[in-house]
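Below is a structure I'd like to ask you about.
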Amino acid sequence: MIETLIFQGLTGLSQGMFLWLISSGLTLVFGILGVLNFAQGSFYMLGAFVGYSVLKFTGNFWLATLFAPVIVGIFAFFLERFLLKPAYKLDESYQLLLTFGFALVLENLAKLIWGSGYIASPRVPGLNGFVMLFNRPFPTYYIFIIAMGFLTVAVLWYFLKFTWPGRILRAASTNQEMAAALGVNVSMLYSLVFGLGAILSALGGILATPITVTSSGVGDTIIIKAFLVIVIGGLGSLKGAFVASLIVGLIESYGVIFMPFFEMAMIYIIVIFILLFKPSGLFPENV
Amino acid sequence: MKKFNRRSFVKAGLAGSAAVLFGGLTGKKSEAKTLKNPIKIAHQAVLSGNFATYGKFHEMGARLAVEEINANGGILGSKIEYTMKDATLKPAVAVRNARYFVEEWGADMIMGIDSSGQALAVGKIMPQLNKPLIVTHAATSQLNENLVFKEGIKQIFRVSVPTYQDGISAAFVASKLPIKRWATISPSYTFGRVSWKAFKETLKKLRPDVEFVSESWAHFGTVDFSSHISKVMSSNAEGFFTTEWAGELISLINQGQKFGLFKKFKEVLLSLGGAMDVVEALGKNYPEGVWISCRYWYEYPPTNVNGSFVERFYKRWKRYPHYVSETSYSAIYAYKAAVEKAKSVKTEDVIKALEGLTFVTPAGRRWIRKEDHQAVYEVPWGRVAHTDKPPYVTLKNSIMVWPAEVYYPHPPFKENDYPPYYNNK
Amino acid sequence: MKAVFDPFESFEKFLVIVIILGYFVAGFFAHKFLSFILIKAMVLSIFAMGYSILFARTGYLSFGHAAFFAVSAYSAGLFVLHIKNSMLLALVVALLFTLVVSAIIGFLSLLRSKIYFAMLTLAFGMGIYTIIWEWESLTGGDDGLIGINRSSLFGSISLVPINHYYFFALVLLILTAISIYFIVYSPLGLILNGIKENETRMRYAGFSPKIYSFLAFVISGLFAGVAGYIDVFLENSASPVMAHWSESALPIFAVLLGGIESFSGPMVGALLLTLLITFLQTVSSEWKLWYGLIFIVVILGLRGGIVGFVKSKLKGRGGEQ
Amino acid sequence: MNSKEPILKVDKLFKSFGDLKAVNGVNLEIYEGGIVSIIGPNGAGKSTLVNILTGFLFPDSGHIYFYGERIERKSIQYRVRKGLNRSFQINSLFNGMTVKENILLGLLYWELPLGRLLTNRLPKALEEKVLEIIESVNMTDKMNIEVDKLSHGEQRLIEITLSIVKPPKLLFLDEPTSGLSPDERNMIMDKIRSIAETGTTVVLIEHNMDVVFSLAKRIVVLNRGSVIADGEPSSIRGNEEVKKIYLGEDLTVA
């Protein structure tokens, strides 16, 4: 029994890490730009598709993992510049709706570019095996995913805490006027943050390709869960997004054993409890 | 309802005899006159979202059939006009499309449909639309058992196999395998539940010594199966059965490989593992030795009809036919056969002609049962082996087939009566 | 926004009356498919007009109203299938259930600010979707409820023929338009507008905005219920996707397309959107791409919607909306 | 009410944002009648204090008593209904609505019976009252203009009017003259005097020392979240500590 619990825990952790990659982008963008980005799921999807193309071109999964998020990030950067900026003067609901429009268009553009079929999952050199835990195999790739999750946390934390751009970001999240007063180009900052958020989600997308199937509708499915995650964690809070991602991942995983059919219900119940008793989420704070 | 039946019977009789009469008197030319030109066939399937690939495969099969028929003089001289629409997976959209096809576009026959909910919703309004509907994918047994057989909605036909293939035939395969304990990860919706139940109950009757030790239910849209895999792998099962399909099956297989699922279980049955979307996506990575089936497999039957179909299909689309391609292709040929038999495109005549119709298709000889309008035909199971050429998967050396009559439930349908027609002889 | 003293109020009224007359006349001439599509447009009109009470008036964006549409459709369907084949009683039951569900979800979602609210309605709506999907013994799971047939009204007026049902739907549309008119051009409408413009100031004017937002939520939920009720008897079936969040985008889009600031906007938008989608689906399998592009254009370039655009042209000084 | 009893009593109020202690242990008592001014340099915590007192923010700790009732966790509207209102430094009107609609919205809660929430026509008395208020600010000719199209001074006038359509017992005015021309400023100052004359206690948060010294009978000086001086204008003017924080600013005018 104990090894089953550990196995479920590990798979839950890895599921949580994918949620973290997408919800960190979501919460970061919200924290700085104040925009709830429906298209965050599309960046996840684009990460997978672009990664697939890079992989086809270079034959190297690691190059794909490196380049796909950057390409998607650059795309997001320009998307923000040209199509999202005009919406900042609008109500936040309109911004949400606009990104919803982006999601619709991106899903269908992806279908036009990459076709409607399922894109095969690449094999990752060196990570195809498994390690034995309690005489049962656990895939090395899942361990790698868990490690990548923690790595992104560490990198983000270091970036925000100890680097100059990171400090500006934190300042901007609490007080944009102050940041502007410091001579920060807020408009450029917004574009960069939007791009950074896309990079995180796209990284999730490309990292998921070896274990899941990529199709144009994949962004839709994941964005809903990411919303739940950031409600639990507290909007705009990276710490909250991380903890909540793990909580949701673990609930889903243990739910499969202890309450099949109802694991999603369990997540909703947590959301309701958070709302009633701790309405600003687990970690109500900025970035 | 009675009145309707009598009138249609009379009409059908009149039309039929008129056609025979004229045909006898004046030969082929006037036959064409009694028909409509062009004959309009409307097709709908999912062309957007996660399952968009299904719609594309549907369309490829249907277009090939239409092109061939039109190139060879059409149906009794009438050309086919064909249209295709995105049905998404929403019943409301499928209903709207069906209404559009019949009431606006003027379709003589409508076909396609992927999800059970859509098939049932469209099926229910067929008496209003009163055109033949040939379902080419949706597998719910309610369609033929309830809507056609019990409620008498005669406009509905299905050329693809119902869930019988997914649950019951799998149990026949399982009964021949030297293992006793089974587990599943099944889709957490009607299709998955019905199939697992059919599998369990059939197998229990065929092999009373079997046990079902672990089941895990995955939501529609599950992306990550690892916790389900981890759960079933913690059981002492020896065999694994699933009716997961399309993208979710690909994810399940991928993740299963990483977790050593195909090593842990001695036998694995994938009822829809033979679908070309899955085969294409996995190719050489398809785990060897697992049992797969689907509603048509490109290598079976090894007839000339099938061989040349696969060849033509590949030539036209540079891909191998998916089962929905074959069923779409055959649906059009079934309709052609019926119209030629009835020498009429009138719904009543076509229905009569389709009932009991036997026709040769790439998937072999199909026979449309009169009572429930279900096409009965054989579909194989086999073990995955690899080849060097696309699609890299072959079942040639391990094919296992049961006559469809053996495992198809027969009218009158009794609830939960598995296996339906099989006696322990 | 001139809720009470709109000089263009008469223009709006005129527009709505013209559309309703148009529906009425079309009812005599439309053949089957067109009447089906027009009923669909009426369903969306009712849905969107009710939705505008929440979205256009208070500014709260809900992605969960499809769930109320579905709750109504399922409760009406289950009622006529299992309890009593009465369309009138089914309406009462459907609205009652919708009321309860929308009150609970509205209360919970309104505990948080507007943007959280959007997410919460989305999440709770998907919760309903999941329940409908999983509770197979009651709802038929993914197969949905089928065979929900129309019967007659007051025992004598048969609603089975589609042209009869057309006028039944039209009556409900007219009743909806009148109710919405009374809400929009009343002090309540002004209060709701005040919440949209400046929720904090409303508090300093003594109001509890959440109570009024809640009221708007439940009202819009109820009209979603009316729409769901008409739809289920039109389709003769109910399916879980009715509750899916993507369905909630339809009334949003209808409201935006027609003109969020106007009374007639939702009705204009719903009619155009229904025709547009029917057209797009007929000409292109990539219809969602066009749909998305039009969505973006409307939000970025045409925020007064079509009615707002026409009004600004009539006024002779553009860009006012 | 005994005039010795304060109508508002603030007891050890704290509020921080991250590392910044915006309000750092403020104690304050406001007595009925007259105009009290709260001054202090930028970032002294004036706005935060007003936001906490009027319910816009909740304090981290400390108590607020209004007529003896603890209100620090009560909602904005609760305090408003008890007679505590405010105006905003940056105009916070119902933009996009007309002057008339703005005033009407200010009045609706107090004057409209719930049963008439859905009537198409307003009660006559209410209609008259709206017109009367508009008349009192000389905007009858502009009542159908959207407020965001008015001049800054006119908007400020509506801003203040909105907070007194139902005369409160205690009114906080947050920098009511900032950004105004001298003429507009005089108009607003007259308005403030007339408000105080009708019996509303006014707390004026102000930057402009001319305004403060010409209106206030009592001045409270805030610096770094704490009260550093509290007294009559003359004593404040002579206060060394106050001079220090207002270095370079001439407090002797007025």
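For reference, chains read A, B, C and D in written order, and residue numbers begin at 1 within each chain.
Following the convention adopted for this analysis, a residue touches a chain if its C-beta (ideal position, glycine included) is under 8 Å from a C-beta of that chain, and two chains touch if they have at least 3 such contacts.
These figures come from a predicted structure and were not determined experimentally.
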Measuring between mean CA coordinates, which chain is farthest from chain B?
D
Go ahead and note the Å separation of the Cα centroids belonging to chain C and chain D.
42
Per the C-alpha centroid definition, the whole-Å distance linking chain A and chain C comes out as 33
Between chain B and chain C, what is the separation of their C-alpha centroids in Å?
37
Calculate how many whole Å lie between the centre of chain B and the centre of chain D, each centre taken as the average of the chain's C-alpha atoms.
74
Residues of chain D whose C-beta touches two or more other chains:
none
Quick check: what residues of chain B touch more than one other chain, meaning two or more?
47-48, 55, 188, 219
Check: chain A positions touching at least 2 other chains come out as 107-108, 111, 220, 261, 264
Is the chain-to-chain touch network here best called a line, a ring, a star, complete, or other?
other
Chains touch one another in the pairs A-B, A-C, B-C, C-D
Listed in rising order, the residues of chain A that touch chain B in the complex are 3-4, 7-8, 10-12, 14-15, 18, 107-108, 111, 115-121, 123, 128, 130, 136-139, 141-142, 208, 210-213, 215-218, 220-222, 252-254, 256-257, 260-261, 264
Given the complex with chain D, which residues does chain C contribute to the contact?
1-5, 182-183, 185-188, 190-191, 193-194, 197-198, 200-208
Spell out the residues on chain A that touch chain C in their complex, using ranges where they run on.
30, 36, 83, 86-87, 90-94, 96-98, 100-105, 107-109, 111-112, 220, 224, 227-228, 230-231, 235, 261, 264-265, 268, 271-272, 275-276, 279
Chain B-touching residues of chain C, taken from the complex the two chains share:
31-34, 36-37, 40, 130, 133-134, 136, 140-144, 146-147, 231, 235-237, 239-242, 278, 281-282, 285, 287-288
Chain D to chain C touching residues, read off their complex:
54-56, 75-77, 80-81, 85-86, 92-98, 100-101, 104-106, 108-110, 112, 116-120, 122, 144, 162-163, 166
